[in-house]
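Two complexes come next, and they have one chain in common, subunit A, joined by subunit B in the first and subunit C in the second.
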Partner chain A sequence: MSATITVDTGPLARFKRRRALLQLAAVSISLFMAVPIYLIAVAAFSTRDGLNQFPQPLWPKNFGTQTMETFLSSTGIVAGTINSLIVGVSTLIVSFLVGAPAGYALARFTFRGKDAYQLALLFTRALPIVVLSVPLARAFLATGLYDTPLAVTLLHTALSLPTTILITSSVFLGVSADVEEAARIFGCTPAGAFLRVVLPLALPGIAASSIFTFVTSWNEVLGATILTFSQRTLPAQVLTSLADSPLAYRFAGGLVLVIPSLIFIALMRKYLLNMWGTTIR
Partner chain B sequence: MSTPHPIPRLSRRSLLAATGGLASAGILSACSGAKTSGGGGATSSSSTVLLSTQFSPVEEKQRFEKILSTFVTDPKTSFNSMAMADFTTQVKSQVDAKKVQFGIAAALHGELTPLADYLEDVDSLVPDAAAAGIGKDLLALGKLGGSTQKYIPWMQASFVVAVNKKALQWLPSGADVTALTYDQYLSWAQAAAKANGKPVFGFPAGPKGLYHRWFQGYLLPSFTGGVITTFTSSEAATAWSWMKDFWAVCNPASTNYDNLQEPMARGEVLVGWDHVARLVQAPKDKPDDWLMVPAPIGPKGLGYMLVVAGMGIPKGGDVATAAKAIRALLQPKVQIEVLRQNAFFPVVKADLPSDLSAPVKMEAEAVAKQTASPKAIVALPPVGLGAKDGELAQVFKDCFREICLQNGDPKTVLGKYTATVTSILDATKVPCWAPDPAMSQCRVG
Partner chain C sequence: MADIKIENLVKIYPGSSELANDNVSMHIADGEFMVLLGPSGCGKTTLLRQIAGLELPTSGAIAIGGRDVTYLPAHKRNLSMVFQSYAVFPHRRVRHNIGFGLAIRKRPRQEIEEKVAWAAELLQLTDYLDRFPAQLSGGQRQRVAVARAIVVDADVLLMDEPLSNLDALLRLSFRSELKRIVEQIGTTTVYVTHDQSEALSLGDQVAVMRKGRITQLGNPLDVYDWPADTFVGGFIGSPPMNFFDGSISGGHLTIGGNQISAPVGLDHLGAVRLGVRAEAIRVADPGTPDCLEGEVLVAEPLGASTLLTVMLGGHQLKVQAKPTIRTRSGDKILLAIDPEAIRVFDPESGVSLLGATRA
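Right after this comes the complex of A and B.
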């Protein structure tokens, strides 16, 4: 005698189906991001003749590094990359040194005009740089800062401070005031409590906000073009040139411009989750 | 699925340390950056910087930097190329702040006109320029409408028509491809589109295309003998109707073409008019497949436009050093090298060498034929309009859009834009420039 045991496979199937759909969604979102970059990469490493073919092959069939080599050897690419990195990292540091204390104050203290202050922060972004360009250039010329990475750093810091302050303030909000008090009780000075307890806990979120700062600075062209002359950042150096160049160079330049910020985002990726985790509840 | 990524404590500490390290490194290094101008030396007393709007494409820039480092050694001259808007901002702000960081501002005639007040008088260089063989008319352009010399001509160019030999099979019988009339050009385009199944003629009407120069220097002078004075004439209406018919058999992707050499190299366009420095790239790989011919001839003649680039010295700059570099750039061998490498023609008297590359040779012959034609009507870019130059160009672009793209009636559209042209002229009060007859203040009609 055999009893048939019926197992309800419904939930399992549903679970499997859901997982498959989730995977599918994840894969298609990844493709949405990755395919354009892949296509640019393929085009950047194709021969110039190959680019004129139609339809274009989706794999590097006409592989050639000549365009890339010519582009990379053109004047100012290496120097521009160095300048961009200097400016990006310095912007990150300066805007953190100025912005984090402001964010901490917004998170921990209530003071008169706090809301107005938060709103006023965003006004720096409301004024387009085009309007400011000539006065800015003149001011920097007059102070002798013109044509230095420091000038661009200062401008980029001003541009990124609002986001830095607002993001760090929500990150500090996520760090419980209790742990800070506990640190004080066990003998920390206020500064010590901040440095030893609050900062390490808030660091992941701050690191994530640095992605914004770095990428903003890396991608900013207009201000960098106005404030520099012979010490330009990479986008300022190549962007106008690329717009007038043959298609092949646009692909090569596009790839070179996108890779460093991708690397930076990849490095900071794991902290990103933490930022959204503490701010959106 | 939803396990949060554990972030080890140690890595936070090390990240903090790394940030600290980077902080000191970054702040220290922010004091001095890396130099991105190329060509000659740095900014010491015996060197100068040539700031230009020309030669911005990657390869052209490299070739010009090489010319500078080979031929212009005293003073050493480095090259810095910028888009027009940035160029204007840089010149203005540096001159205003009295801290000029470059020696020579080199740009197209129309780009230097709005900067006249920011340029030093260079009358002292005129004898040298005249001795080098720069024509009187060309030199006079450098006065920018004033009484003193503001720039010294640097190089010149024009626009011609490039033809892929494949398209010759549809050429109307009896037509000479080197002396086409506008009617023949149109019927050729129509026959080619019909036989080929899709248009093979192109027109650089992209956002950065130079098509306004087609109206200002080619179509209107050829049909009407003028540009501004004849703006509303019945000949002008005929010219625009011609344009409408021609547009109907142009590759419709033309509104995306900033230049024609790439669609030509891809085979999308077989025949087209564009700037020589751009067209010269099209026959590079297969010069035997291509011809370059003068622009078509209209009822009034063969209108063509002269493009002139000049070199000025910014106010407050190092005049002596810059003047030396300008003289060096006017040497025939340097000018020939610019033609050889970057397809801009000498302004000085220079014998063209016989060993030019095939595309450059083709181009030089077409330009020579165009200039030497007994029917030639030379047109200049607007003289003395200053910042309004762009507004006038926009009028022609707008007319093109309304007449050809939106199928407007030429007479009505021209009438509508007369007021705009008049207000530009009233604001500037300039005398007419070629091909319009000289009169004290230029007026429509």
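Right after this comes the complex of A and C.
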């Protein structure tokens, strides 16, 4: 036998180092997102006295529901939460009823003015919300819609439609036309083929898009503030009373604002990853 | 089951000025297996999609079983189809994929179960009935697509390149299986392919298409033996038909300075284009009369035969020689061509001068 091979472990060491750095980056980013939420949660469940300590402890030493109770019993909070949920869910439904067919058309058909249409879609987003809201407020005042969840829903639907249409069109593009044609060959009407085959296959993507729509609506505050007076959504309610509120109110309010989005995302994520026993996309 | 009649079908896609189908007419008898063969872009898939109702003709007519279906929506035509991409439903188990057409037709549950079991047995899918398509291999997915197509009692079975996504070995074994299944169920079938060997092996009839038109329609061996023009001869057969220039005078063919006897019954004189199949050229022993001398360029042993590329009078010829032949590049060999096997074409248009087919 000739001399054995001398192994250069340099590349392996570099590979390990790179992997460790990647891990570190992933952990740092996760912490960056999670730590503020954690700190707010700790503060929201501290006693009133505990809140005023500095520095704040990293563990909930002074656990108590007093802060939370104060916030939840403040004026308009429960009503605001209900309004926010109504607006968020209605926005989701209306924007899909209107947006999904448009997305489907963009995905399946070529028609004159398709590019111009796609560009024009983004135009609503080009206008600042304030610019949109003031004329809307006037119109809603005239029609009696002002200060209702419906008014906010309409605004949020208008704001979310461009993304809904563009996302659903890419989702429908992902469902092969062959599968739809197969359904029609085997006896489905065009509507039947859509309901039985295209829609089930598009659901994961539509779910992802609905997370986005809901969270956008939940977080939108400027338009909701302008279009309502007593029927405030939660962010609008919290925002308008934030400046002259005690510390406890701010922390508890922050947590309550974050939690529904987190729950919604968690639910949808599970649905996304675990459909038909396979990972899709 | 039903026959298909297509009359003067023209298809122009919106925004295009080219004719995807140019005045196509054909009759497919009840129970017949018709293969539409041609290179990509020849209009064969467009024709199939119009029979399916997935595209609407610009003009012309299609009738299935005597009923006009030209502008009838796909779901009212009572068809079934196997797609190139399989097009199985990813969100349904194999069992429900196969039974899909029956479920839509609202057949009794027991009948659906029986037919699904029968099709699964026929296509060796019994063990996979409760799986999702994502858990199957490509070959198994194609079996599901075929099973789904044969359980419905359709008038016409359409197949759009069903084998082209399978690997070579699987394609060969599934091809014979497909032929057996289609013969067993006896449904009128239209099969689209660009693979000439599939067309020859499967079809009762082959329609060779080019530029939206049918160039030749006939049974596979006739099309192979008597191509209507040089395009068909060059498209069908592996290797394709050899073409070279020659001239005819006084019962003799002149090819690159050599003379051999001309095919009988030919009254054409002057320059012609000749076509000969590789297997109709024989390597002759030295001294044999009426032969052509050529120089071997390449010898490719294929096992069952050896494929020679021979230079003859400025043309390259493919010659299918015996596997036992020992020859190398640069060798001079004698070639004997059976005059009966020579096809004669017009040098300008490429159209056969012997008539498209011989009875």
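Everything below uses one rule, namely that the second predicted complex is superposed on the first by the 236 of 281 C-alpha atoms of A that agree within 3 Å, B and C clash if a C-alpha of one lies under 4 Å from a C-alpha of the other, contacts with A are read in each partner's own complex, and residues count from 1 in each chain.
The rule is short, and it goes like this: a residue touches a chain if its C-beta (ideal position, glycine included) is under 8 Å from a C-beta of that chain, and two chains touch if they have at least 3 such contacts.
Bear in mind that the values here come from a model prediction, so they are computed numbers and not experimental data.
With the C-alpha superposition on subunit A as described, subunit C and subunit B fit side by side in the combined arrangement. Residue contacts after overlaying the shared chain place A:242 against subunit B, while subunit C stays out of touching range.
With both structures placed on the common chain, the touch criterion links A:178 to subunit C but leaves subunit B unconnected. By the touch criterion stated above, A:200 is placed in contact with subunit B and with subunit C alike. In the superposition on chain A, A:76 makes contact with subunit B only, not with subunit C. Judged by the touch definition given at the top, the superposed model places A:258 against neither subunit B nor subunit C.
Within the superposed three-chain model, A:145 lies out of touch with both subunit B and subunit C [touch as defined at top]. In the superposition on chain A, A:192 makes contact with subunit C only, while subunit B stays out of contact range. Measuring only between alpha carbons, the smallest separation of subunit B from subunit C in this overlay is 5 Å.
Judged by the document's definition of touching, subunit A residues 200, 277 lie at the interface with subunit B and also at the interface with subunit C. Residues of subunit C touching subunit A in their complex: 15, 52-54, 73-75, 79-81, 83-85, 87-91, 100-101, 104-105, 132, 134-135, 148, 152, 158.
The residues of subunit A lying in touch with subunit C in their complex are 110, 176, 178-179, 181-190, 192, 197, 200-201, 276-278.
Here subunit A touches subunit B in the complex through residues 49, 52, 54, 70-71, 74-76, 78-80, 82-83, 86-87, 89-90, 92-94, 96-97, 133-134, 137-138, 141-142, 146-150, 153, 199-200, 203-204, 207, 225-226, 228-232, 237, 240-247, 249, 270-271, 273-274, 277, going by the rule given at the top.
Every residue of subunit B that touches subunit A in the complex is listed here, in rising order: 4-5, 7, 9, 12-13, 15-16, 19, 22-23, 25-27, 29-39, 43, 49, 56-59, 61-62, 65, 78, 80-83, 86, 89-90, 92-94, 96-97, 99, 101-102, 208, 261-262, 265-267, 281, 285.
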